[in-house]
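Letters A, B, C, D, E and F mark the chains in the order given here, with residues in each chain numbered from 1 onward.
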Amino acid sequence: MALIEYADAAPDVREVYDDIKATRGVADVNNFWKALAVHPPTLKRTWESLKQVMAPGALDPLTKEMLYLAASAAAGCAYCTASHTAAARAKGMTDAMHGELLAVLGMAAETNRMAEALRVPIDQGL
Amino acid sequence: MALIEYADAAPDVREVYDDIKATRGVADVNNFWKALAVHPPTLKRTWESLKQVMAPGALDPLTKEMLYLAASAAAGCAYCTASHTAAARAKGMTDAMHGELLAVLGMAAETNRMAEALRVPIDQGL
Amino acid sequence: MALIEYADAAPDVREVYDDIKATRGVADVNNFWKALAVHPPTLKRTWESLKQVMAPGALDPLTKEMLYLAASAAAGCAYCTASHTAAARAKGMTDAMHGELLAVLGMAAETNRMAEALRVPIDQGL
Amino acid sequence: MALIEYADAAPDVREVYDDIKATRGVADVNNFWKALAVHPPTLKRTWESLKQVMAPGALDPLTKEMLYLAASAAAGCAYCTASHTAAARAKGMTDAMHGELLAVLGMAAETNRMAEALRVPIDQGL
Amino acid sequence: MALIEYADAAPDVREVYDDIKATRGVADVNNFWKALAVHPPTLKRTWESLKQVMAPGALDPLTKEMLYLAASAAAGCAYCTASHTAAARAKGMTDAMHGELLAVLGMAAETNRMAEALRVPIDQGL
Amino acid sequence: MALIEYADAAPDVREVYDDIKATRGVADVNNFWKALAVHPPTLKRTWESLKQVMAPGALDPLTKEMLYLAASAAAGCAYCTASHTAAARAKGMTDAMHGELLAVLGMAAETNRMAEALRVPIDQGL
């Protein structure tokens, strides 16, 4: 697993790293970007999509970050769960909010699986 | 797939249906509960857990509902996606909010899978 | 989606169908086999593996069938959930056993997801 | 990732830990509970549900444990797979039973995916 | 579930539809795009990413399409499996190639699950 | 987690190891096989299936290996992703091909999830 550090990066990769650092106000980019840099066009496209998707809109940044965390945890991605838990905390998720998010996640998993195991027909009108 | 209607339900099942209808202010319960009624102790336990988890707390009801939807969609449960989309809409999710939720879901799926495919190591300190 | 019926099947496919029917004592094979018959070597290999795996051994046939159902429901395969629920019922799964299996499935889903969302370290010694 | 030890736990958390230890006859609780203790109402609700679901019923404790293991492995939860393999062994799962469970799990995964890839229609009457 | 037809689409949506039709040489766009049009910025971003990703490169278009199909089937998405099977066939996937792809998918599912259930340590040097 | 080395293996297990080593021209078998050896009939059946499935056919060995990798990554199996990435590289997958495979995987994940979240109806004629 290669991680490409800024010092070793080609100009097109550095340009993306610079934009991530400026947009987020951080000193270094996460390992995800350093791993994705093995394929510069994918690095650039993914960052530009992410920047657009996570910009403030009808949903506030904390809600978006918690939705990202919920989806990542539901998909069982350990790296993503770790990084988006940290990001949500940085945007204001308290212990109580984290606890309730976990409870919703668990409840969703339980009812998702039972609904599928019982092949429940979708309610009329939906 | 049996769905147990109120008219055909035993007293312990009716008691749960009555509580769902009173809590939610609805005329009938969703198919999920009618399917789960094949096993009354599971019906009762699941409803009581759900009622506790979805009650207002540190997170507001709409945020909880959107997290439930994000987790259900990430798990690929069609029934759950349909019913929690409807529930989120009833609690105030607009077209723009739904669109942004979808965008976050998609972005999370994409980055989740790439992070796993690259086996990205968790960032130091997380 | 093509389903290959016995009347239209080539000799190598008919041979597999005949063995399924004889082994299970059924008049016709399930749709799964009729779909898999688009690729005869996969049909033959899959049936021979399944026959070996599901034969009585250290686990009795009903337990094996319920494990198959649990794994299929956890994977969200609607076709498989439907056919293995029917197979488990045919081998003696009662309503109460089915209800308890559902409860275990739901509980496992809930705790699986919470364990992953919290990145719980594996207990020492395991 | 914080794990809350008994010595550092608040009274409501200790009460749950005490009940887990008494019910299972163990000297300490698993890491899962120590992680879940970050949100005491979720800890309490989850333990009470689990205790109810795993109590002897129409299915014996070993069968329930193996179903829990099958569902956890199918969901790809490493922590859960490790702890429920240990729990099933403690309840009497032999090497041969474990080997057959693995074989059923693998076979289910293979046929689940092929049934979905072929979009096999559910058999008439199911 | 709303599907937005060309006749009812706003100019920014029509522009994307026009580009899809021109790029693929088709008379109408698939339902996926008509559904995604509920959120025009997501429609536009997703199409532009897809167009870039699926363009000829180090991998030929048929190989890319079969990889897309394998990933979609592994994720259990029925819509995606149906549309990418059709797309792969249009690009030259024969019955024999489809059968072998299915066999690989099934084999991967089986060994994936067994590797996870056994928590196999990654081989040294990888 | 026991790994059974050649020196400690029973004759039926050694026979499989010998065939793997001869078929692949390697000095030792991967950890997967050493773990699976806890259940010799599953070891033997799985290897024989794998050998048949991965043999050259309508698809060349590199394409099969990349499909295996795509399915394994989509299923989130870290062990399998690591070993099939190495296997694909050994069969000729370049950095550029790996990068494009990753891009397809990510794009598939994103569109899979959005198609499911929107419950897109399958296009007519498919």
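The definition used in the following text is that a residue touches a chain if its C-beta (ideal position, glycine included) is under 8 Å from a C-beta of that chain, and two chains touch if they have at least 3 such contacts.
Source: prediction; values computed, not measured.
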Labels of chains that are neighbours to chain B and to chain D: A, C, E, F
More contacts between chains, D-E or C-F: D-E
Whole-Å gap between the CA centroids of chain C and chain E: 27
Interchain centroid distance [CA atoms averaged], chain E/chain F, Å: 21
Whole-Å gap separating chain A and chain C, where each centre is the average of the chain's CA atoms: 34
Residues of chain E engaged with two or more neighbouring chains: 36, 38, 41-42, 45-46, 49, 53, 71, 73-78, 82, 96, 99-100, 102-103, 105-114, 116, 118-119
Chain F residues within the chain D interface of the complex: 36, 38-39, 41-42, 45-46, 71, 75-77
Chain B partner contacts - residues on chain D that touch it in the complex: 41, 45, 49, 52-53
Residues on chain E engaged by chain C in the complex (per definition of touch): 76, 95-96, 98-100, 102-103, 106, 113
Sites on chain B touched by chain A in the complex: 1, 3, 30-32, 35-36, 38, 42, 46, 49-50, 53-54, 57-59, 63-64, 66-68, 70-75, 77-80, 82-83, 85-86, 94, 96-97, 99-101, 103-116, 118-123, 126
Chain A partner contacts - residues on chain C that touch it in the complex: 73-74, 76, 78, 81-82, 102, 105-114, 116-119
